[in-house]
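In the part that follows, the structures are each spelled out as structure tokens.
Across the two complexes that follow, chain A remains constant while its partner is chain B and subsequently chain C.
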Partner chain A sequence: MEFIHLYAAMAGAFAAAMAGALIFRERPAVANWLAHGLSAAGCLLAVAGAARVFAAGPQAFGLPVDTLFGAVTVRADYLSAFFLAVIGTVGAAASVYALAYSREYYGRRLGSMGLLYAAFLLSMLVVVTVSQVVAFVVAWELMTVASFLLVAHEREKAAASRAAYVYFVMTHIGTAFIIVAFLLLVPPGGSLDFAALAAPAGWLRDAAFVCALIGFGTKAGIIPLHVWLPEAHPAAPTHVSAVMSGVMIKTAIYGLARFYLEFLGPGPLWWGAAVLAAAALSSVLGVLYALMQHDVKRLLAYHSVENIGIILLGVGGGLLFASAGLPALAGLAWAAALFHVLNHALFKSLLFMGAGAVLQAAHTRDIEHLGGLIRFMPYTALFFLVGAVAISGLPPLNGFASEWLTFQALVALPAAVAGMAGKLAAAVLVSVLGLTGALAAACFVKVFAMIFLAKPRSEQAAAAREASWLMLAPMGALAALCVALGVLPVWLISLLTGTVAPFLGEGAKAALAEGAWHTAGFRATAAAGAMSPAALVALLLAGLAAAAVAYRAFGRVERAAGETWTCGIVPTARMEYTATGFAEPIRRAFAAVLLPKPDVVVEEDPHHYFGRRMVFHVRITYIFTEAVYRPASRGAVALAQFMKRLQTGSVQLYVGYILAVTVAVLVWSTRW
Partner chain B sequence: METLAILLLATAFLLTRTSRLATAVHILLAQSAVVAAACAVAGWQAGETHMFVAALLTVVVKAGLIPYALLRLVRLLRREREVNPVIGANMTSLAAVGAMVLAYGLIEHALPAVISRDAVATAVALVLIGLLLIITRRQAIMQIVGLITMENGLYLLGLSTTRGLPLIIELGIFFDVLVAVTVMVILAFRLKRSFQTTDTSILKRLKG
Partner chain C sequence: MSAVEMLTQLVFSLGQAAVLAAAAPLTAGVIKTAKARLQSRRGPGVLQPYRDLAKFLRKGSVVSPTTSWLFAAAPGIYFAAAAGAAALTPVAAALVPGRGAGFADLFMLLYLFALGRFFLALASLDAGSAFGGMGGSREMFIAVLAEPAILLALLTVALPAGGTGLAAMAAAAAGRSWDLAAMFAAGAFFLVLIAETGRIPVDNPDTHLELTMVHEGMILEYSGRPLGLIHWAVAIKQLVMMTLFAALFLPGGPSDWPAAAQAALLAAKVAAVALALALAETLTNKMRLFKVPAFMAVAGVLALLALVAQ
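Showing the complex of A and B:
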């Protein structure tokens, strides 16, 4: 099938999904199957369209609409196709998951949820393919509005509507910057098609860079523009959270790639440095804040901030290499970033789905109240574990592959920046990435242990049952993809180099193709720093096999049943390690950044020596919220209070203002 | 034309002095009649027949329907009068004089040697005095009167600068005024019903 047919079929499937959800809103089962089933079909068609582009080269066709702002073209080059594939894959998995998960929402506005969900997915797919400024902005805003309404779906909860409000305000600020960035690129009197955009000269080009970084950075959730993300992602229904955290924030990476690769071209060194600084901040602070959370969905949302930071490490490296005239290394860095886009989309949506399954089974998102679920939900536990290992960047899973590639790019930084600065930057950024991975691993040890291991910490956790197969199947598929991309990353990396090479000039294409640098990072025979995931897996399996043989030969397990000695008290779940306790050493080590405020309440008892109840609370300080957003909101309120003096409520005074302005304008206009 | 301009300024000046609502409406009626006459005169000078239609419409709408509606309302408000204006009558008159000076000064500066100097200046002065009435009076009726005065000024401005607007636009303007006044009369009536007064300073309480 031609791309245009696939695209039309995709749009049709989503339109049918929306119509079905709307028409059958009174019959939730029908609406559920129509909305989410057709959405899954649409997403698969998007993946097919992407495959078609990769097979047959970039595609373009004009839409048969004539707008006020000129013709609208759908153009799918390799970059668009890559994002189509990412969104399609995650969207399809989330839609199948939603078939079972939205049973929770029967009788709770399921019709509108299905309608908005389909609109949300479609708008994302349109964003990454449409090739005209106004159409892009419209699709972008449609995406924002649909996701805003989905975040606010459980509007009875005050937290949800508050989160939605914060989200709306922040993304609107971001969109303003995006529009400015686009308008800076539009040639005077020129067309608004992406092909006609050209970078302006001088400081306007820098302004376009900064506006794009702020605008798309808000959507991506880079620190300090991230405040909406940990509020909004947990508030949405879980399959929507999976899509938002997995792919919606990646549309911002798509926007950045369009701007920095295609529209603006290589810039000064400080562009890359600025992106790298934001990336380092986002990755370390994101994972530190994640470690401090107890709400599993909120924790995962903070991990999205961290992973966006890792992706931006690749983007920033790409910018630096491009400005230093090193297209091959720039291609490496960009490919690392795009690879992590895909990987994060896979494992983050997998983890959100796992969290959703747990939430549905145990009715709580607080990991302090979970525990022991591995016995009740073995498959969910297994898939969650795969996602956790992947996000921690451990080999042989996909998170490792892309982080390894990012490491390779960062180690080469001194090639772009001469002197001590480059060496220092490389050292610092490599350690930042390493620290991030280590902290993420610590965080997921905590999450997995608290949710799945030990004894249930509450009655509802003890009553948990395994999720429906419709929820397990997409999780299993995503987990399998995580493993596959980790073990066999090379084919995808060559696909990604093909994706970014056209933007980096003809030289880059040749260098990337001939040098085959990507194999350097992964081939066992290459120079230092090289490795092969497949060989690694083989070694791992061999080791396991040897261990199994050794166990068979020499292992003898003596089972001895007996009660755990707990000083004469019956052991209960309250004696287990808590998430707060697990995070305490890290909270101490990073006290300078997290500024924890512990709060111990001891309820005194006449009997001094036993039965004292202690309540321990610890709050950490979100420095950017405290240092930027709180003063800003206070300032806004103070300004409003000041302006209120103008608003006396007297009609006469209001008309008086008009008279004063009229007379002033009249006098001024006659140059009196 | 000059005579008519002087008459118009005189009516506007009188409006700043009156505190009885019925008197104000009668002065307004006279003012609108003068505007209609000005329209007819302008049409006669320019030889445009459609101006006579406009003049007739002015008489019907501004000297007929609107004063009729306002007077009916005033009859219901027997005990209402402008007792406590924001600025007293004397100061308002002074301000009106200031507005006239300002208007003439503006015309001298912006359009030196314009043919219909008096008419244009009168128009600007009427707009300013109308605004002044809205600002300084608390009675809803007086504010409506101020608005119609402004409207008359605008109409005169259009008349004196363009040799008459196309009829369709004039019809639009009349319809606009009629609808606006209808709404305002209804609102004033509801104000009376809800608060037993048409003193708009009571609306301050609406502020949150």
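Showing the complex of A and C:
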């Protein structure tokens, strides 16, 4: 099938999903199957379209409408196709998951939820394929509005409507910067098609770079522009959170890639340095904040900030290598970034789906009240564990493969920046990425253990039951993809260098040309490296076999059951380590950044001989919220209060304003 | 690299892992005996860890009914990760040119350790005992602090070698001389080695005092065969870290010696590291947990100084 037919069928499927949700809004079961079933079909068609592009080369066709701003072209080069495939894969999994998950929402405006969900997915798919400024911005805004309304879906909850409002404000600041960035590129009187855009000369080019970084960075959630993300992602229904955290923020990476690879071209060294600085800040602070959360969805949202940071480490490296004229290493760094885009989309949506299954079974997102679910929800636990190992960057799963590439790009930085600066930058950034990985591993030990291990900490957790197979199947598929891409990453890496090669030159492909199916190897002029996930798996299997042999070498295994000795008391869930306790050493070591404020409440009790009830809380301080956003919002309110004085409600005064302005304009226009 | 070549390298590195795994308890015994002698005790002899291991592997175990399959699987995974790291260690690569695993990369090795630690920390929380959780939490905390320092220390070798392949790093390290940078780097990695192997002053492998346990607290719920596997894996990990130290941070030794002589030299270096560890354990006390950040910061600064001095 031709690409244009697949694209039309995809748009048709989403249109039918929207119409079905609208028409059958009074019959939630029908609306659910139509909206989410057809969305899943549309997403699979998007993946098919991407496959078509990779098989047959870049595709383009014009839309048969003539807008006020010129013709609109749909263009799918390899970069677009890659993002189509990412959105389609995660979207399809999330849609199947939604079939079962949205039963929660029967009678709670399911029709509008289905409609918005389909519109949200379609707008993302359009964003990454449309090739005209106005159409891009319209699709971008449609994506924002649809996701805003989905975040506000449970508007009865104050937190949800507040989160949606913060999201709306922040993302519009971002959109303003994106529009400015585009306008800087539009040639005077020229067409608005992407093909006609040209980088301006001089400082305007730098301005376009900065505007794109701020504009798309807001959507991506880089620190300090991230404040909306940990509010908005948890507030949405879980399948929407999975799509928002998994793929929506990646459309911003698509935007950055379009700007930096295609429109702006190689820039000065400080571009890369700026992106790397933002990336380092986002990855470390994001994961530190994540470690301090108890709400599992909020915690996962902060991990998205962290992973955007890891992706941007690749992007920044790519910019540095491109400006130093090293296409092979630039290709390596960009491939690392794009690989991590896909990997994060897979394991983050998997983790969100697992969190949603837990939420539906135990009715709480607070991990301090969970525990022991591995017994009641064995498959959810297994899939969540795969996601946890993958996001911690541990071998042999996909997170390790992309982090390894990112590490290699960072180690090679001295090739781009000569002298001590390059060496120190490489050393610091490598250790930053190592620190991030270690913190993520600590965080996911905490999350997995608190949710799934030991004894249930509440009655509702003890009453949890395994999720429906419609929810388990997409989780299983995503977990399988995490394993597959971790063990055999090589074909994908060469696909990705092929994706960025049109922008960086054929040299970009050269780096990773080496290597067979079992080994990812690269060789550039200044650096070389090889890593074999297949060998890792073989070594691990051999080690497991050796352990099994040693375990059984001396005859039959005797195992006796015996509870943990707790000095004669029957062990209960109240003796277990808590999430707060688990994170305490890290909170203390990073106190200079987190500024924790402990709060101990001791209940007065007349009986001295009994233990007193004590409640311990600890709050951390979000420095950017306190130092930037709170003063800014206070200033905005004060300004509004001041402006209010102009509005007295007196008509005479308003007529006076009109007169004054008219006179002023007359005076100004005569240049008296 | 062809598949056949790959398989040959794999088999070769598995053989190396078997040798290191067999020698690992001996290193632990050497450290123990040296420590005992330094403290005017006789000690149980260098072969005691083998006897302990044989005993553990014969015994049955008591398992809390609260635990899940993860608790049962974790010792195996921890052992496999340590054995995998032993296979990647640049021993053969340093002795016989072209015989090392061409795919062995320092991030692979470090992240194998991280994988084992991840599962053992999960298992520590599985039985629901407070000591287990405390040990797991502290182990992950120390890992968080050690990870940047260990990467910085290893980069002092990797950056001049032009890559993170362990074979290339070992080859580059062998040719270095004992200059200021090498001394700083060796100092940095020695501190990291102490933290990673859980020795005094960061952790005390011999303690069972509740408030000071880190690694021992984490594995408190284990008994019998699984505990034996964990002890063995810890010994392997310790030997791997010591071998990395000897191969990458202790230059010296002519490269034209035959392989057997070089192997003997490497073994001597590892033995010297073992003695140094025993001496350090005798001269210092275990520090408070919240002093460990400063300790690891010293290691990081030393590594940065080594980079600047190069």
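Note that the second predicted complex is superposed on the first by the 628 of 672 C-alpha atoms of A that agree within 3 Å, B and C clash if a C-alpha of one lies under 4 Å from a C-alpha of the other, contacts with A are read in each partner's own complex, and residues count from 1 in each chain.
The definition used in the following text is that contacts are C-beta pairs under 8 Å (C-beta built on N, C-alpha and C of every residue); 3 or more make two chains touch, one makes a residue touch a chain.
Keep in mind the model is a prediction, meaning the values are calculated, not measured.
Contacts of A:T564 after superposition on the shared chain: chain C is touched, whereas chain B is not.
When both complexes are overlaid on chain A, the residue A:H363 reaches neither chain B nor chain C. Once chain A of one complex is fitted onto chain A of the other, the partner contacts of A:A547 are limited to chain C, with no touch recorded for chain B. In the superposed model, C is the one of chain B and chain C that contacts more residues of chain A. Within the superposed three-chain model, A:L435 lies in touch with chain C and out of touch with chain B [touch as defined at top]. In the superposition on chain A, A:G649 contacts chain B only, with no contact to chain C.
With both structures placed on the common chain, the touch criterion links A:R612 to neither chain B nor chain C.
Of the two partner chains, neither chain B nor chain C is touched by A:R634. Taken together, the two structures place no residue of chain A in contact with chain B in one case and with chain C in the other. Listed in rising order, the residues of chain A touching chain B in the complex are 647-653, 655-656, 658-659, 662-663, 666-667, 669-672. Contact residues on chain C toward chain A in their complex (touch as defined above): 1-3, 6, 9-10, 13-14, 17, 21, 54, 57-58, 60-66, 68-70, 75-77, 79-84, 87-88, 101-103, 105, 107-108, 110-112, 114-115, 117-118, 121-122, 125-130, 132-134, 136-138, 140-141, 143-152, 155, 158-159, 162-165, 168, 221, 224-226, 228-229, 232, 289-290, 293, 300, 303-304, 307-308, 310.
Across the complex, chain A is touched by residues 86, 102, 105-106, 109-110, 124, 128, 131-132, 134-138, 143, 200-201, 203-207 of chain B. Contacts from chain A toward chain C in the complex involve residues 371-372, 374-375, 385, 389, 392-395, 400, 403-404, 407-408, 411, 414, 420, 423-424, 426-427, 430-432, 434-435, 437-439, 441-442, 444-445, 448-450, 452-455, 515-516, 518-519, 521, 526-532, 535-536, 538-544, 546-548, 550-551, 553-555, 557-564, 566, 571, 573, 575-577, 581-586, 588-589.
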